[in-house]
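Lettered A, B, C and D in written order, each chain numbered from 1.
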Amino acid sequence: MSESNKKPTVATVWLDGCSGCHMSLLDLDERLITLAGLVDVLHSPVVDDKNFPARVDLTLVEGAVSSEEDYRKARMIRSRSACVLSLGDCAVTGNVPAMRNCFDREALFERAYVENASHPPEPQQRRMGLPVFGVPPLRPKAVPLHQVIKVDVYVPGCPPPADAIWFALCEILAGRTPSITEVTRFGL
Amino acid sequence: MLHAPPVTAPPTSDKRWKIVETVMRRNDFEPEALIESLHSVQQSFGYLDEPSMRWVAGALHVPLSKVYAVATFYHFFSLKPQGRHTCVVCLGTACYIKGGRELLDEVERHYHVQEGKTTEDGELSVMVARCIGACGLAPTTVLDGQVLGRKTSPQLLAAIDEKLQRKVTS
Amino acid sequence: MITQVASSVESLTLRINGKDVSCRAGDTILQAVRDNDMELPTLCWLEGLTVWGGCRLCMVEIAGSPKLHAACATACQEGMEVQTDSDRLHRYRRMIVELLLAERNHICSVCVSNGHCELQSLAQKLGIDHVRFAYRNPQLEVDNSHDRMRLDHNRCILCTRCVRVCAEVEGARTKDVKGRGVLAAIIHDLDQPWGESETCTSCGKCVNVCPTGALTHRGVAVGEMTKKLAFLPYLTLMREANP
Amino acid sequence: MKPEELEGLARKARQHDERFAHHISVCMESGCTSSQSDVVLAQLEEQTQKRGCAQKVRVKPVGCMGLCCNGPLVRVDDRLYQNVTPADAGEIIASLGGAAVERLLCDTQQAFFTKQKLVVRENSGRTDPEDIADCIAHGAYQSLLKALTGMSPQQVVAEISESGLRGRGGAGFPTGLKWATVAKAGGTRKYVICNGDEGDPGAFMDRSVMEGDPHRVLEGMAVAAYAVGAEQGVIYVRAEYPLAVKRLNKAINQARRQDLIGHEIFGTKFNFNVEVRLGAGAFVCGEETALIASVEGNRGVPRPRPPYPANKGLHGCPTLINNVETYANIPAIINHGAAWFGAMGTEKSKGTKVFALTGKIKNSGLIEVPMGITLREIIFDIAGGIPDGKAFKAVQTGGPSGGCIPAAHLDLPVEYESLMKLGSIMGSGGMIVMDETSNMVDVARFFMEFCMTESCGKCVPCRVGTFEMHELLDRICRGDGSPHDLAMLKELCDMVKQTSLCGLGQSAPNPVLSTLRFFEDEYLTLIQQAQQRRDQEDRTADERHLALEVLP
């Protein structure tokens, strides 16, 4: 990783995911303390700092790329991270978020926010089509992270077990690419 | 192995079933005659519906699932009634590079119909053929069985309108 | 594997992965490989069913032939030299499983066969940590019409084990494949809902032979979808032993 | 029919012919009939009635004379008229014996005709396909007579092997070797199948032989059946050729009435029966085991080989499968001998090949040329070059299993090995010429879309591989491709080619591989444009600070 004696920097982000992978990250329990000794976590939903750093050595990304905001974040993360890790099935395969892909967005909106809504929107609101204000516009398909940016390490699993995440982090810190399927697989 | 005559009577009293039965009898009701029989059903009735498939299955002692599997494997058989008029746009290589694709898009846009489907009023079915062997006249289309060679979009649309109009006025 | 060795059958010797082995004349390479406790991935092959040769996972290299050969469909010959694993073969097998994962909606995390699926475990064994191809995400139904069994087209890999067991072992021939290419799908009779099939004997053999979560028993909790496969070789043996 | 009766029938038909002073032949194949050549024929007959010269003028429907793009074609004695309309009939009849109708004249000395060498198509355009007597007058069934009465089955097989004839279906497997294998195979029942599926888009040579000279196909099959010891033949014709089916059935009935097909032909112990089986629209049925499955009334799904059909084919019996054009070569080889045939063509590719010339060329139609002729001669001499002043870019041979050959290799002799070296194949004979306006990546996508929709779906590499390759090609064409997509495309091409079960999957990547080999720059420019567009979007998004700094 970075040659200076400074500890490698890490960031974590979640896109269209359920944060279960971050929970699994926290399941490292006591190993979090050793981890804190090894790396500096500059940015993460589970830490205070809200601004993504200009440069970071390793970014763990959970969740599929489903909205325009996800897409922009992914492009930005790639441009600022030395190493990008897809954390969990949603980032690796699209998983549950991608289950909407076989329907077009209008049908989704109709089903979720009109048919099933207790207070369906007034007709003229519906005529405005898919919402784009205050909510990032939905892309036609929710795709895995590596279809939008180059990904260096994959950690599949829903969620990937804490041991698998630990194994991956240790291997990366030691400068090796983890052969991850020894410790996890799709699903779980 | 002597084959018993067809177990069930034809689905309706329509005499066209006789044509299908003669094809099957000529092949003495061998399961091998399935494709020939489906061809004769399609030529007589225009498409394969459930009763006809069920009857052919019974006559040839072929499983129901196999009749459906064969009927849907081949591009030629249709399980839905065809429109009164059919327009087949050839998208073989020679026709494709001479503008077959544009012709098809034009027809689809003009009559609001998708390739492989029929217009709502059941008037016009638009289909694609891989190659009908008239590449010297590329791009070719077949309108109601009649081959039209080297047609531009306006000419083709006019020919189809004429067919449809004739249907309306006559 | 319970196989009877008739005394009169002459045996062949061949070399697999550099090891000299013998097998019965007429055996396929796959049988020879597995008789000698060597590994070869398969998905569409199943002992007791006829050879299909569709998944192409069991391809092997044979000395003297530029082409690859499907071990399940190629008979052993005297003095043949077979290589069951090489970098090239490994790469091809990975790609075939990736293609299968991309073809339909294989979402392991919410699948009823999660943890009991041959496709899932094969992906792990082959070291697949992501799929490099675009996902098709087709819109496919789930046939819930049968009261005890379910067909979920999203999980089907068209290996046709179910079609073969229904035709060759049960004899009902209820199942077949409709259409062509990626639009092909398993059907019952004239593509009717499974529950309304007039030929299905509801024997459940198709559920037991299905490698994935496509054919499942209803009411069984997620992850408990274990399938009993031993019945098939036993049935075949009983038929041969007591014609 | 006894041997001498054949000669008698021929003599009678020739005498009938000589009674006429003038002979008018009108092309009645589906290419020309779609331009109303049938109406032209009717008008010509009507005109002869009206002008009272019906006894002196014979008007005859015939097969294809080659120059399809200028159809309807009408041959009057030794003059050839093109683009004939029904209204021209009167003028043509009036011009008999006098000056030709200048505006309709087609120069028969142009390279399109002079550079051809007619073997398979020697009778095409000369004989009436629906009149067996006329065909016999032009030598039909002579080779069957010679084989049955003068040669043993082994000698027939030897003659074909010696001639060096190779399969005209596309792969070029030595025909003699195939016959020998089926002949050696045991079993009482054997079959001879004629593969008339001709699924390659842009290829219509087999259609022309079946419509123009059906008896030649029947004769070739009968000789083959005699050579390999089969008694039952099947002609598998695709459903898109209704006229070919009609002509073949008519020819079979006529041949049966003359005892040229049926029991104890020419009084020998040889029986041969043949029937037409209709395809139903599936390109994969051109592959031999899929064809057999289709003839047996099943889905056209190939099965693993071995066993090869030569040992275990239709109904599990040894089966010989050859292409229409292969059978159409047999009568010539038997009549004129293996040495005569071997003199034509190159060292490894003997004889002639029929090509369907289409695409961006002046003379589009059917040509038969000796093997070894160069692509340049075919495209610029015979086909008359590229119209509208456009530059030649590539010629596509072998259909969806073939490849595209650029201008740099125009001097390539057309034969099996040299085409294969360039990543293409001879294929059935479709030859589609493209000019500078054609986009090669789009052509690759077109063929991949074809293979994707025609894949039978049995084996995973082809079923899903063609879909993913089409997806990648589509993305590159749309200007959304990336270098990673190109790398994956190449890896997929290799895998699908090596692991697919049948020829469709094994050759589906060929058009992509050959356009990548000769036109990779077109792929790279499209990908570069996509890359620039994405970078540009990133920059504009940065400037608009779209949801950048504030993260949840």
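Simple rule for what comes next: a residue touches a chain if its C-beta (ideal position, glycine included) is under 8 Å from a C-beta of that chain, and two chains touch if they have at least 3 such contacts.
As the structure is a prediction and not an experimental result, all values here were calculated from the model.
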Highest C-beta pair count, chain pair: B-D
Between subunit C and subunit D, centroid-to-centroid distance (C-alpha), Å: 39
Whole-Å gap separating subunit B and subunit C, where each centre is the average of the chain's CA atoms: 36
Mean-CA-position distance for subunit D and subunit B (Å): 24
Distance from subunit B to subunit A - Cα centre to Cα centre, in angstrom: 50
Overlap residues in subunit C, where contacts from two or more other chains coincide: 132, 134, 177, 179-180
Subunit A: positions in contact with at least two other chains: none
Subunit D, residues touching no fewer than two other chains: 282, 299, 454, 456
Pairwise chain contacts under the document criterion: A-C, A-D, B-C, B-D, C-D
Subunit A contact footprint on subunit C (complex, rising order): 101, 105-111, 114-115, 120-121, 123-125, 127-132, 134-135, 137-140
List of subunit A residues in touch with subunit D within their complex: 13, 43, 45, 50-52, 68-69, 72-73, 75-76, 79, 136, 150
Contacting residues of subunit D [partner subunit A, same complex]: 484, 538, 541, 546-552
Subunit C residues within the subunit B interface of the complex: 167, 173-180, 187-191, 199
Of all residues in subunit B, those that touch subunit C in their complex: 50, 53-54, 63-69, 72-73
